[in-house]
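What follows is chain A paired twice: with chain B in the first complex and chain C in the second.
And now, the complex of A and B:
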């Protein structure tokens, strides 16, 4: 199991008041994303547990792209990965951000 | 906790088979009424899976909590069949057992169990087997206290292994065509007895032997649902009101019913032979029937409805 943590600073907090949300399921090629509004409004942290070791650079790129697009300030994101492809990860992160904005 | 598109779920359009455990719960109960116990943010995850380098789930594959259904307070548990086949591990099983025991104090109108499981998680088998036994014991206590326990079965993992045993202790069961109820699954039977005995790749054989229609026709399930959350909701509400008493007379009637069943059908080689003996005119057409046509057949078959369980 490889554990990765990425910390970013955002320009804005993520809109909305939803305190937490979860999307996705830990299954083959899928992942579970838990979002919690617990950080300072300009901070975002993404912590990943993945059974597929050696893809830290890909995770870093996908997370950086998501942070730039969604500006998820204030959100701590925890991921249980089941071996998802980068496009699936990106989709789930954006779904999670949308749920938090509701 | 915001779930998967919670606000936009339409129970009439949502397939039970395709939905996640969280989507089923959200769409099954009265809007906004669900309160989760030990939700994902509490991170009660399996202590065993990391030893096997396997990923964990924040809820260990089961969602538990309280809600209202048609204005009536219930406790409910929903297994996520896509996480490790919905299998029982230590935390997963402990959450179900704890919910059932809480029912004795909280006294809901009913407990609903949304089964979607292949049985016990092999990586934590001892804890899983213990949880199965404890869940059955807890259901007995809950039913003895006059609280019905209703099982809903229509997920992709079906209801197998210890899940099948737990289902057998419920007051009532609702099943859809996609749902399957059994103890040993198709692959297990084939592995132990050979493909001549049971070919697990023969999907039609699997479904007519363990599927929802067969279970409904032989009285193994008490309602047959279309594959929508709305249909399961309707069935759950109806079955809560029709739950039988739990007493010695009921258990003896169940024993007699099962003895009569083995005497009547014990030599059948295929489910279609069972259906023919039940009085179904053209049993080969049963698997292809839509819900309405199938319900008409069920209404004519005496075996399907009983209060024995």
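And now, the complex of A and C:
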């Protein structure tokens, strides 16, 4: 098990007023993403628990691309990973952001 | 005096020796080992019919039970290494040398045996290439084939899985070889004559029906959003863009997802009748919704697929069927159709390097190639134009007289950037090169060469390699769709953006596709049970796919 945390500053807060959302499931090759609107509007934090160690730089790249694309200011994201591929992680993060914008 | 009939006399002697164990041509399964020991000679070239799907398993078991003191050093020339017995014979010394095409189910064991030096490998062929060599320098002395039924004269009904049988028999029977067929039953009259009896020397009544590998059934329930996204990009960015009507699909989940999106996403794009009408394809269950929705005009098949027989019988306007009503497949003809009469091959692979070479051979698995190198190659002998072929030709032409331009077949690799267990699909160097070095192969087993690949589609986008003008552009175009693999993260971001501006790389958003729309709700069938419903109950999936 490896725990990783990434902190980013965003240009804008994530639109919408949803206080929290969950997407995905903890299953092999999948992941569960919890999003909470609890941070200052220009801050984003992503905390990851993954069973597969050694992919820190891939996680960093996936999270950085997501932040650049979605600008999720104000959101704390907790990921419970089941060994998902990076593309699945990206998709779940974008799905989560869309739920928060609702 | 020159002897012109030596082979014929040797053949007659083998048959006479075999007749001792037969009543006419008919041999009981219990005498199969005796028959093989009587007709085989050490060092023989033997084609043991192991096709992509149909397996001469009773004869395979008999061959592996032969006495290695009597029968040894055989040279096996067969398209598929599928059953354990296909490799057992190399462990006992019955066989020594191997020329083949495909080894999917035995990929891990054959890799170990190749590294261990137990098999002397000739080459990993494409099907057409191996078939061609049956007629030139790999003509079998003995062919061991499989059919559904035979009459007492040896007239053979292969059933829907005709596959390689006519080719194997043609090469063996007409060049002084001996042909042994295993059948499930001996009948008075066969439903149709797939192989005339005078080409069959012995008929073994098998102890149980021959095994067929359900190779082309993809359960829609296992399809992921990523595969659906890739399928959407392929349909919009390639099928629609080039107007692909005549095509072949590989066996992966990505292409199965495309089949299931035609009646939904394809319909919404207004593409019905404009794409995917004529196919060289096995009867994929996932094609049923597209057929039932009127998308598909006709399908010629390499082989059949378990559970599809009743459905095919009821759709003779779509499939090639015999007077008896059942499917007539033929691998050699369908491979030829895929090579010359299709404008696109689209399929998956396990590894792609920085230039676009691909292979399904990895450190621990040697899966072979099957038909992909034929389907996935631009046939320079082609002389008929289509819009799709000409458009690809124009995109790829760099120099030369436009009046002498020829078209290009589209060869599309459809891959997820990471495979199972987070193994990257994109690599700096193919494992195939390491295999070639370790076992001393002169030719590295590459499945599709870079100069044949025209497009690579991943969840990150489409790379159109036809539009690349030098090796550096090509490398960056590939890195630019390689996602978060090391190859992908090693991209030159500025160059990739420049390629995107030119349309060499197209992202989902460039195609008007929102990745979050890639939802399983788009699949025309979400389960095997849905496919059964689409077929009106005619599709009968094998037990392992019945989970309701």
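We adopt the following convention: the second predicted complex is superposed on the first by the 102 of 102 C-alpha atoms of A that agree within 3 Å, B and C clash if a C-alpha of one lies under 4 Å from a C-alpha of the other, contacts with A are read in each partner's own complex, and residues count from 1 in each chain.
Here, a residue touches a chain if its C-beta (ideal position, glycine included) is under 8 Å from a C-beta of that chain, and two chains touch if they have at least 3 such contacts.
No experiment lies behind these values; they were computed from the predicted model shown.
Trainee: Would you sort A:73 into first (chain B), second (chain C), both or neither based on which partner it touches?
Mentor: A:73: touches no partner chain.
Trainee: Should A:94 be classified as contacting the first partner (chain B), the second (chain C), both, or neither?
Mentor: Only chain C; A:94 stays clear of chain B.
Trainee: Should A:85 be classified as contacting the first partner (chain B), the second (chain C), both, or neither?
Mentor: second
Trainee: Should A:55 be classified as contacting the first partner (chain B), the second (chain C), both, or neither?
Mentor: The answer is second: A:55 touches chain C but not chain B.
Trainee: Where does A:13 make contact in the superposed view: on chain B (first), on chain C (second), on both, or on neither?
Mentor: Touch status of A:13: no partner.
Trainee: Between chain B and chain C, point out the one touching more chain A residues.
Mentor: Touched residues of chain A are more numerous for B.
Trainee: On chain A, which stretch or stretches are contacted by chain B in one complex as well as by chain C in the other?
Mentor: 95
Trainee: Within their complex, state which residues of chain B touch chain A.
Mentor: Checking each residue of chain B against chain A gives 1-7, 20, 22, 39-41, 50, 53-58, 61, 80, 82-83.
Trainee: Residue numbers of chain C touching chain A in their complex, please.
Mentor: It comes out as residues 224-226, 229, 416-418, 422, 459-460, 483-484, 489, 515-516, 518.
Trainee: Considering only the defined contacts, which chain A positions touch chain B in the complex?
Mentor: Per the stated touch rule, the residues are 1, 18, 20-23, 25-27, 30, 32, 34, 36, 49-51, 78, 80-82, 95, 99-100, 102.
Trainee: Hey, which residues of chain A end up touching chain C in the complex?
Mentor: Touch residues, chain A against chain C: 52, 55, 57-58, 61-62, 83, 85-88, 91, 94-95, 98.
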